[in-house]
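Got some structures for you, see below.
Heads up, the next two complexes both have subunit A, just with different partners, subunit B and then subunit C.
For the complex of A and B:
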């Protein structure tokens, strides 16, 4: 070991995060130290990780053994293009979130602060170790650390009953999922008992085993990602957590599940079946549609974003499934296109969703309200947060020239021209999936207009909103970092796609190749005659037109204006209560998609002097899947409860009988 | 990229900016004739724009910076959209920069801004209009994309120029899928341009309005820009319909002669198209707002059907 390698650099950076956490917990009451030094330091480490990962994407894979863990079971670490990409995502996003968190901390939190600092940085480090792990054991240790630290972060305000409940649900589903992952590793390792990823790659399974391994992994990672029907924890846990933690969980942690599933399906398993891809497509579409419909009817701003995260995970899974289909039919160029769209969307979602979660954090701090029905008009008091959130909103709605549009464009492109598949029905049905994606993207626009319009525009719905204050300096820097990420990812797509090329080479054995042979400004992944998009020209012309029109109008006409009361068709009485509420805005969706929703309504009688109207929309899957399962488990436990007699003699007899049975069995 | 491409591009933008208000005037004139009213002059939209541009802007007390900037953004989006659609030539400098999907994205960007501006002042009408506009939007947008995809599958390209070149200049073939797509496109265009039977451009003070409700608070130059942008949108949609379904006569080259010829053909086509639009508007009645999802759902299904028809016939 003569020179310092990239892997070592990333490792040291991750240990640096742990060290920051340790310092924080040693000096729990030093507010200035924690918020003004430790968190910005964590952000700096994030940037370092992102830069190292960027160079690791271009470099050859590196491996290393750590003499930690159990005897004879050292941790294997490895960084290749895939893990480097996700490390880049982690580093780049966490830099923005950490610097925001530095400004978000409040002195009143007291000794909690040190603990939060430790948990937050351990969470970051464990995610880095998930990406680095190269054997099943190290992976599971890092995975569980990630689940536990995030659980404690979610339950930071554990005095609230509902937050405890959300945390419990999260912990439960995370662990049910972890069992799936563990079993999947078990199947892939076979009977050899060697849990390194190298051994799994080399071990070729036949028959039904690869399918079992894939399905177990899909179950396990799907639970973490929030795929249907394992999504129920997401809209509970995300709103419960402090905003930087929600941003981290939604932006980055969900992507670790995507990373794991990519690792298992493309790297550890050496052959893929086409119907795995179709299964993922179906799950992804269902997840995305469900997520976006529920996002559009939420009345709590963080729940709305949580459902929107479910939608985006669905879109990512759709792209993933398409990649699997193409890969199984050995179409490297098309699978590279679909994979690029998938990974690009992971990166985009990390940026815009963190940005949106952080802006809800600022709103929450300024107003103390999460309920959309009590917000409104905040663009006047909080212009910084409002305009930066607008960037996130436009990106999330998939509008050009921001980043969300590019990945949706790539995804639609990869669905449109699938005529090469040797499978008639698939050829026919895949372009129709594009129709569903178009619907989902348009609905996302609806949800995002509702989110922004109800929070930041209109008249304040409560008196106290007038005193709201804008975000502090550090918070602004964090938001700005993420917003410029949204711009940058949207404006230079060809550079990002070139960066993704090694990942595509690694996973699907083909890349998009040189994407810019037709000029640096043009993105044409297949051929410019077939499809092309140039964000630079697009943005450039808008950026020229808007000031030009403004200048022309003001130069040759006039710029006079007078402030008057709103016109509103001459209607004299206007109160903030006459605006649409969040419920009102979601009403068309509730009405059109009635059959998807579980709704209970209470109408007041016409003679009621104090009428109350209630409309509650609940998750039908909770009633269709979870409660029956819970009842089943309860009944099963009641059935076997007779074993538990509470007398030691009986337990001893159980042991004795078991021993006898085993002896008889092994003898035969 | 050559000098003629730049010339064609500039000419096309100028044509769109000049012709869009005239197209609106023409539709209004045709409608008035058919309804036995005396028609306003063809240039009436220009007179209105002129009047509005010179008037003072009255801003509501709590109108934010977003409210000021939205008209400029919306106008620029629509101008760019009109520049992207190939009308006079397929050899344009903007055509590789944005394909059909990006065009839909551009319309969506303008829609989001106009909806947000509608919510900004916080009046009952504004938010109502914004909500309805987004409702129409999320129903119409996928249908529009599907229409484009049907045309894209025929030409194996989402680039508008390539689509037009394939449909206009390759071997003559009849595409049954385009018939379905054409009906779907007409329905979407009616909804997107706030026309009867989905919305009524002349209505005011009615609970049924959509587009007008959002822009109630605008006045003066802001209103002028928004009205002009709406005219540009109608122009862009008409040209899209022409480009997708009646592309004959759009030249591939952009020398002055073919540009002139193309301009004459375009005017004739637009005159016919405007007449048909007025006819549809005269013959149909405004629907209740919750019939609009059914109307647009039909458009979406027709567009998906168009795509399936194409795939079935090819297989």
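For the complex of A and C:
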């Protein structure tokens, strides 16, 4: 037999990431070494991980014990179809992000670079270990490493007050969530004290304990994924972090939470009660709706993308919930469909969201601006970034033939079968969810049009934008890698669905089977009579018509008109500041959904000679949930502070009395 | 008295009981002692008794590691720590009488009460233990509690530290009597901890005196959070 198994290969690759980080921190000032060798090497390792994971998806599960950790508590590792899928996502996405990061670095960052290199690669390795872990202990160690490294990456520019604040908020919520996960593992391990996932699978399946374990896991992983109401860290941390890091966090790290929740609810708890799924559906729907509305009204490009990530996580959770509902009613084919849509969307989101975050990074480097109100017209100065971002925007808006369309289409398809559920209320209510998803998809399109239109189209709103430079060579490679991923995932859906089949077999005990009954070009997940989609035909016709129209316009229209100043509505002067702004573009949405928002506005008086208009939209959940909780905690600590008298004799007395009481109690 | 009786375990357990009784007596003496200098001497005697009892257990049970721990006890608790403490009080010139938070008779009464509790609590444990020294677990526990009480009732920093060290002595005695001592690694670790703790506390003494011109820890009440 071949001695080197796939699991070992992935393990070595992850250790390779750690090694790269170590080399980086040993030579912190060698700019060329770090940016031209170490980061591209990390990208190569990413590709290796992706390939190994791809073959691991088809292979039987492998396990291994590592002689690390505490005495008598070794790390257990395991790779099966589910973890292999997420490892593939990690490897494929990180390859693009790493190569981009190689070009993104600036020599001026100095000795920071080595540390960044270490943190970034440790972050990658810890995510790989999260997927590989096969016991609660190894999982938590990897999970916490991931949280800590990403915290330090977010606070890379810790000299800014608001970045420190964002980092703190992120760390706080990450740790509150980690406590939830830890408790969930504790419940599942029971009193036996065996924290391997194998022991948890054998966990008693009766009573209220599985529900408690599920709810704790939902709380913990939801905090990491950014589900409502634990989402507040996302729009703070993503703009604060350097762009490759935000891409990594949004594209991959949020998916580790989805992975964890899938692992717990399907593999460890075996998806028992239908209302778990309904709960997830409701949370996911609320998250998606909230995210997309706030994305539509943002004026900071990275915050917009952060809210869009919240929306996509919401969609993923909706698909997840639907899978749980189908699974608990023992409908394996339908739950396989919903699961496929969910996982497909995870993969798609990883690609297009990291592509978009990276393109904001290029814009930020070229202009130094994050505020949409000061950008515009960048397609002339940065054509590479603009066109590649357009791919991400179209994918994110869910337009065919790109990847975002396929997964959203599959998700909607799976909703069309909810009428077969043996439960009256669900039959009636789930179609409403499908309608809400359609609304969300439309609003996501709106937000994406705003993102692209305000940044890249129109006239530059500031003088300096004319001097913006395009992305460098390495940055372009990274963007191209991700953009071609978006194309590829959209063009060969049948291959991706076939790839997801082992995961579905593992988790829900059924697959989609043959999805292309009439040849590879026609995708029909259920039956060709019900619905089918052909990405190739769509792409082919687009590829024919766009050049045709371009040629027609060029041939018959160009050269026949002259540019003159337009009718200027009585204004003698037209400046780029008169263009539709981000605020203006989002205004209709703000009006329609005004009851969801918390707004403060300042209107200038008509006689003000230097008028200023301000409109601040804040998160109502911050006021409704977080501040009361904070006040409660503060009041509780004030009560406890009564114990702290400042006298050593009294402190000693506390422990003395406790000791005596315990001794007497154990005696009795 | 024959030689056979002198090396028998019955005689050894009598000797150990004697040691335990002396330890308890010393515990009460420390509780009642007002002068720092005598307190240090009492502490040194406690260490000596501890060393003797460990040695007796070692001879009767032929446990090689107990010789080591007896030697360690002698070096650390009879020689090193009293020396450090003597130097310390000379440098800090704190030979004064100690004010206690509670008066001495009340403290002694509470001490007697604690001994009763300790014996009561230790009863089931000594039934479980199979060592020749099991009868002394109650006394060891009583010594721990008495030292704790001393730590609470003293208001000066140096006596508190002595009380802390005495508590460690009692714990060590409890370990020897219940299970023939802890594993060597643990014992070494604790010995090192005590030494390091002593050094750190010495540094603190100087800091406290710098800050408040006194070693009275009641001054520390001012620094608590409002």
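As a convention for this text, the second predicted complex is superposed on the first by the 636 of 668 C-alpha atoms of A that agree within 3 Å, B and C clash if a C-alpha of one lies under 4 Å from a C-alpha of the other, contacts with A are read in each partner's own complex, and residues count from 1 in each chain.
By our rule, a residue touches a chain if its C-beta (ideal position, glycine included) is under 8 Å from a C-beta of that chain, and two chains touch if they have at least 3 such contacts.
Note that the structure is predicted; figures quoted are calculated from it, not measured.
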Who does A:74 touch here: subunit B (first), subunit C (second), both, or neither? neither
Examine A:438 and indicate which partner it touches, taking first as subunit B and second as subunit C; both and neither are also allowed. first
Under the stated touch criterion, which partner chain does A:186 make contact with: subunit B (first), subunit C (second), both, or neither? neither
Figure out whether A:648 sits in contact with subunit B (first) or subunit C (second), or with both, or with neither. second
Please indicate which partner A:405 is in contact with in the superposed arrangement: first for subunit B, second for subunit C, both, or neither. first
When the two structures are overlaid on chain A, which partner does A:332 contact: first (subunit B), second (subunit C), both, or neither? neither
Considering only the touch criterion stated at the top, classify A:533 as touching first (subunit B), second (subunit C), both, or neither. first
Applying the document's definition of touching, compare subunit B and subunit C: which contacts more of subunit A? B
Check the residue A:452 against both partner chains and state whether it touches subunit B (first), subunit C (second), both, or neither. first
Based on the A-chain superposition described above, do subunit B and subunit C contact any of the same residues on subunit A, and if so which? none
For the complex, which residues does subunit A have touching subunit B? 376-377, 379-380, 383, 386, 390, 394, 397-400, 405, 409, 412-413, 416-417, 419, 424, 427-428, 431-432, 434-435, 438-439, 441-443, 445-446, 448-450, 452-454, 457-459, 518, 522, 524, 528-534, 537-538, 541-542, 545-546, 549-550, 553, 557-558, 560-569, 571, 574, 576, 578-580, 584-585, 587-588, 591-592
Show which residues of subunit C lie in contact with subunit A when the two form their complex. 101, 114, 117, 120-121, 123-124, 145, 148-149, 151-153, 155, 160, 217-218, 220-225
Please name which positions on subunit A make contact with subunit C in the complex. 641, 644-649, 652-653, 656, 659-660, 663-664, 666-667
Across the complex, what residues on subunit B touch subunit A? 53-54, 56-62, 64-66, 69, 72-73, 75-77, 79-80, 83, 94, 96-99, 101-102, 105-106, 108-109, 111-112, 115-116, 119-128, 130-132, 134-135, 137-139, 141-142, 145-146, 149, 152-153, 156-159, 162, 204-205, 216-217, 219-221, 225, 290, 293, 300, 303-304, 307-308, 311-312, 314-315
